[in-house]
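The following blocks contain the structures, represented as structure tokens.
In what comes next, subunit A is part of two complexes: it sits with subunit B in the first one and with subunit C in the second one.
For the complex of A and B:
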């Protein structure tokens, strides 16, 4: 025993966190088990879930298997109006669950104004805003049109999108090209330089990438994501490796497909200047994989987690197209100079599709740099991932974490486990200014709110009468 | 106490390793302290070293400071004969300390034969070998011509080389372009396809890269290495991130500089197909940085560690151009199908310049994938790096390891500590077949032999009379 006490301590602390602080302060390691009392669900729902536990387990195994089988490949590009199912002129897709103009947060309103200007439906932000407020346009979640969008996630008819096909099941997912950081549409900025960049992306970037992707014969995104996890990315808030590997895969075809060398160089420099370029490929890769796991009766596996900056919504494999909603929370973040948490909009974007697919916050042990910038250590990063195994259906067969001896990432969020254990998904995220027109103000981490999971489990319980 | 025993164990084991096996087998963690009795140095040398301990410490601090200040930048390319100091026709540079034909190992002889054929001095391997055996050509260590070469490290007059400048001190280092894996010159292969590839590298790859590098204005290798350590590389045996980041930095200039798009695409594909391409840049980056730390009286810091496949040689900052030699050992490795340790040549190459500069095996905590392929765990990778702090002069200010909370890598090997603690440098390495003409048979890890360090400390002691 005295020998034991002379070793570095490694302690698992349950309950009051300050017990662990003392151990850490004296140089030991302490893992905080983030135990909270189970979120309250109705006794009736709880009993039904327990009675059908075996059925739910089997359905979740089936859902996870579908997810694991997914083979997302970047097959081409097209204009939203031409390729996204149900896309129309004067329809604007957005991140998160459905929302009306009156409840939209600042950055989403800003992005809508920008998209109206981009489409040429209005000449000034004031006119655009009035049209939007007057109900001139339609709104719909990206998720309901096989799409995903980071942050505000606004997609309009003329925007070029990547086409990702899940080759195992034939379903497709779509996402716009990533604009870079700072004052960009997806963070709610709509100034003339934002619109000008979007036009360059439509007229120069898009044709070059489209030609290169087609010449390449398709780019295997699952392989790039798997490698990126071995290279310090969790492919949500850190995409430097993914962007580098994507560029390596693309550039030979780009050089061959684009006659104008100046244009090819500009395209490469644009991607080089934006380490998040790959985010708009990792997201639809997850979307395409998760959509194949929809419609499995009895499954409590989450197939979408998405925020519109006001509400946080989820969908389950076993509950069809119903959204279960709770309030979006404000992330803990590293803020850019001059900004603070007071400026931050609540959590926004479809990018939590990465966590839903076993990446992002679930794989953060692969990317300790992200935890470091909000004041955490490499050990904290490991612990966040370890905690997510508690609420996962299983472990990923392809996406693995070097620091955990190449253990598969926790994959497939089980809403029942979330509710029973009181542990909600851990999410990496960018942070938008709460006002329209400003843009990004930071990047950080946030835990999902419990409410959508409680409602989802109750919703699933309601379907169980049919068995 | 009973609470303590219910936690996961983390044990430091000194002495018999099997004590730790039991702890690991039951799911605990055990760090093995690799203590060995100090290597024997003469009592006279030991006393002198101890008497001058403060002087040596100060000299090592100065040497480490020079190393830390290094700013290696890829400035251009040239042909060996034109740019390497002292290079001549019919002179062949090689890896490691000086060696004569009769003592050269198989792969180095094979590379020499290949280089004679490449230069057109002979038409057949048989003629080339006879000329070499007859003493028709000169041999010299790369290190004595401001150069480094991986594995056999053979450089001949017509070979194109990268020019790396240490911008802080103005000194330069040189290295050939990496050929890829398998049957390649540096592993001792010399078949017609090997020579054909070298000719393509001279006539197509080189002019394109030279033009691109010049147009780029120079590529900061220190920055790429620092980032690669955050992306799963240790930039010796794993260079996937470094190669990716280098390609990102290079490609815009390449596209602009090379008129023929087919050639540009071929060049990109060649680099894409070879994740070790960056090794031939990380090595001279370390060489350029370490050469600035030479000639510091009293310093026991190692400025070169190099193997010719027969001997393992080192040089110290405080002992001028003297090589201290011991036998090269055979690495533990993952062998390609059909090969075993019986086929392996002893450790070969100048690539241990990366370990000498605080990278490679010293940074292996950044690249657990390397340890995994020889049967180790991520924890073993951490432990190897942690052990190297024991023999390092200090910690790197620029090169940092995420899994160690961005602690600087152990940097600057102190030969006195190596001898006193009986811990020799841990080195990652490729493995060549012991016979000429075969090529690579595996990749693995090896510890440096103690003899060169013992001799080096005795050599340093001999200089201390002058104080």
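For the complex of A and C:
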């Protein structure tokens, strides 16, 4: 104890900030903690979590190890009905946790209407809407079918999808091809030009890409993501480098595999013109890696974080297929001309799988080009990433941030830390108009709501009885 | 009257920042009341009892920020609410200014700053014990400013600390000085060779400041929190602090400040004192001198005397000579009191003490007991009417009944300033006794805020006497000499310590009553 009196004083100040001023003015050192209260969980759950802290820590280490070992490779493409497990003709997959038609938000309904038109089940939006409202079709979360979808994330039976295999564990993940920005299905638009583009993607883009990917023998997505982080992407709201790198890997095989030069040129132009093309590969890469970490008893590591525009849901490695749900919040965003926060739909999409995997908002320090979403300075972006280390299980061994001296990104969200520290995950996101049929109105950031994490930790605590 | 309110989800600010925003908002046109608090059940109750309710408030919780405004018109209320939000945003921006990352949690801070050796905790009591235990487990010493921590948590923390060679100052420890660095509410005191252990916050501030004012300095001043000397806690921190000072080569003399410890704790302290190998002065307010002497310490009856005796020992001077010179000064003060009594208020009978330092109000009550009969005070139990004095009344305005949902009177003078004027208007008030506490954490402009009120009192027809003392040093950010000059110029009667202020005020009253009789 005498060491307190004999050493220079260095204080960690938790609480009243002005105390730090007095310490510094007198020549002492003081580190201010931006403390906030823990999220309120039941005392019973809290005590149980504390009693099993060592067990949880060990389980999380195991879960993180599985995640780190993941080796997602783009193996090929196929039609949803043929390749997605459990896919059926009149089933529509969607982003986020389960939801019924009556609770679906505008853009989700719009995307469903578009998908019904795309499948040819109805000729007009009115008929499609009536069929959907009448309960003619089934709905299921993408996540429950080894898939992920950005924004509304709607996948229907005849849509082509990428097939990503986690070569370390053999599990697969699926995702549709990215349509571009603006008026697109995933943002809830369903006008004839939207459907027309989807048809072109099915009939021209898909066969060309499928042939090229197969000829290439597979494209290593993990290494593209690692390089993209060094080139200014966080592979959620910025995918320019990832898309470029992907195109570079693809083009030789594409040119060889596609006989019609006109088609090859159209495919290259489409990908080149869509900075977000790689999002639909970074997402399933994360999904394939995270799914390998499922089913680890006692682990509070988050394996899915997804929004359907109404609810925000998460799943933990240690709690099986249970969804823990809270309200989806409206993002803080930069809006396209003519739109404002009043037009914005609450947070939507499976794309938060990137944050779940240590990318996106968790890696925003790697993406100085998009700091206008987070306050405008590169320092702000660094601080957001630094904050996320507080709730991460560990640091990524592969994905590293140049501006942080190549420190690994904060990886594996620990729901217990989220609750105990009152810090919720920081998510980059696009913003959809709240009404069906309009499309994208902006992009920005949002903090996850605390409720799903509180429920998840309570849910995990309930499983701890058996130990 | 119009009330508007707003709930901001998931935004947290420390209590002092919020109170300063509320105070600034209160000065806006038409605003009658302003609240900026975390929406805990307790704070919601306080808001409700002051008539501040709006629809969203009920559903808000611990992690939500509640802003409420009561104003003459709807428009003024809405404007003020907007302004309050702006002020908070500005605070957050200054707080995070400079771009350097501030950790968001204690574990985060411990990760990045493993060389830190003390964790200072001043968050709401219900969270503080958990954070303190995390700090101890990481091998860090703890200063726990927070109060409202259950006794069993205090015992658990201190037991763990004792087993692991760590120090827990507090809970409810308002001040300490470690190696010349002032912690929380502390004064700028020169470094020296007098070590202190104190179970009372303003007691530590008074003794350390007086040591500085007498030309000597402090090695370390360790606060223990007021409950440490209770039987249940057993003086765990007090004893650990004595051991630390024993081993500290910079400490030559030790001064102890406390209310009377429980007998079994005093016995343990006595054993440690006799084992210390360094001279020890003790002021145990309310204890009889012989008990203290039996413990092996040199007894002092006032905070001031403790400082004088410690300084004498530190200078290898004669303790009795120091006592004699203090007595001589007391005689001078008594003469001055006689003069003041001669011109005292005709209708005045009673003494009214309005304190922001808890220890000062306690010392005042103990010192007045031999002089005056029927003293009312909230020092040991609540007053029947805390807002209205009767007879001789000594009020600790830092008591819970005054501070719930409000800034401490050491920071915010508005409550006491109003009360001073109330007392002055009561014709039975003969003398008003005040303490002014300087140092980090306290009000930064005490002279500017208090002098106009003293002047207003002294310019009344046939005014009461206002006696004050200033606890602090010339090196404090507020500068003691400057504050004294301002208050004297306004008409206040200055005394060099709380004890001497009490003696002077007490003598004035005694004299008046004798003349009446």
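Please note the rule applied: the second predicted complex is superposed on the first by the 429 of 467 C-alpha atoms of A that agree within 3 Å, B and C clash if a C-alpha of one lies under 4 Å from a C-alpha of the other, contacts with A are read in each partner's own complex, and residues count from 1 in each chain.
In this text, a contact is a pair of C-beta atoms (placed from the backbone, for glycine too) under 8 Å apart; a residue touches a chain by one contact, two chains touch by 3 or more.
These numbers come from a predicted model, not from an experiment.
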Which of subunit B and subunit C A:61 touches, first, second, both or neither: neither
First (subunit B), second (subunit C), both or neither touched by A:464: neither
Subunit B versus subunit C as contact partner of A:79, first or second or both or neither: neither
Touching partner for A:377 - first (subunit B), second (subunit C), both, neither: both
Which of subunit B and subunit C A:387 touches, first, second, both or neither: second
First, second, both or neither for A:334, with subunit B first and subunit C second: neither
Partner chain(s) touched by A:195 [first = subunit B, second = subunit C, both, neither]: neither
Overlap of subunit C and subunit B interfaces on subunit A (superposed complexes): 1, 4-5, 7-12, 29, 377, 379
In the complex, subunit A residues that touch subunit C: 1-19, 21-23, 25-40, 377, 379, 382-383, 386-387, 389-390, 420-424, 447, 450
Of all residues in subunit C, those that touch subunit A in their complex: 10, 12, 14-17, 38, 61-63, 95-96, 99, 101-113, 115-124, 127, 131, 135, 140-141, 145-146, 165-167, 178-184, 186, 188, 219-220, 240, 243-245, 247-248, 250, 439-441, 477
Subunit A contact footprint on subunit B (complex, rising order): 1, 4-5, 7-12, 29, 227, 230-232, 240-241, 244-245, 247-249, 251-252, 255-256, 259, 261-262, 264-265, 268-269, 272, 368-369, 372, 377-379, 402-406
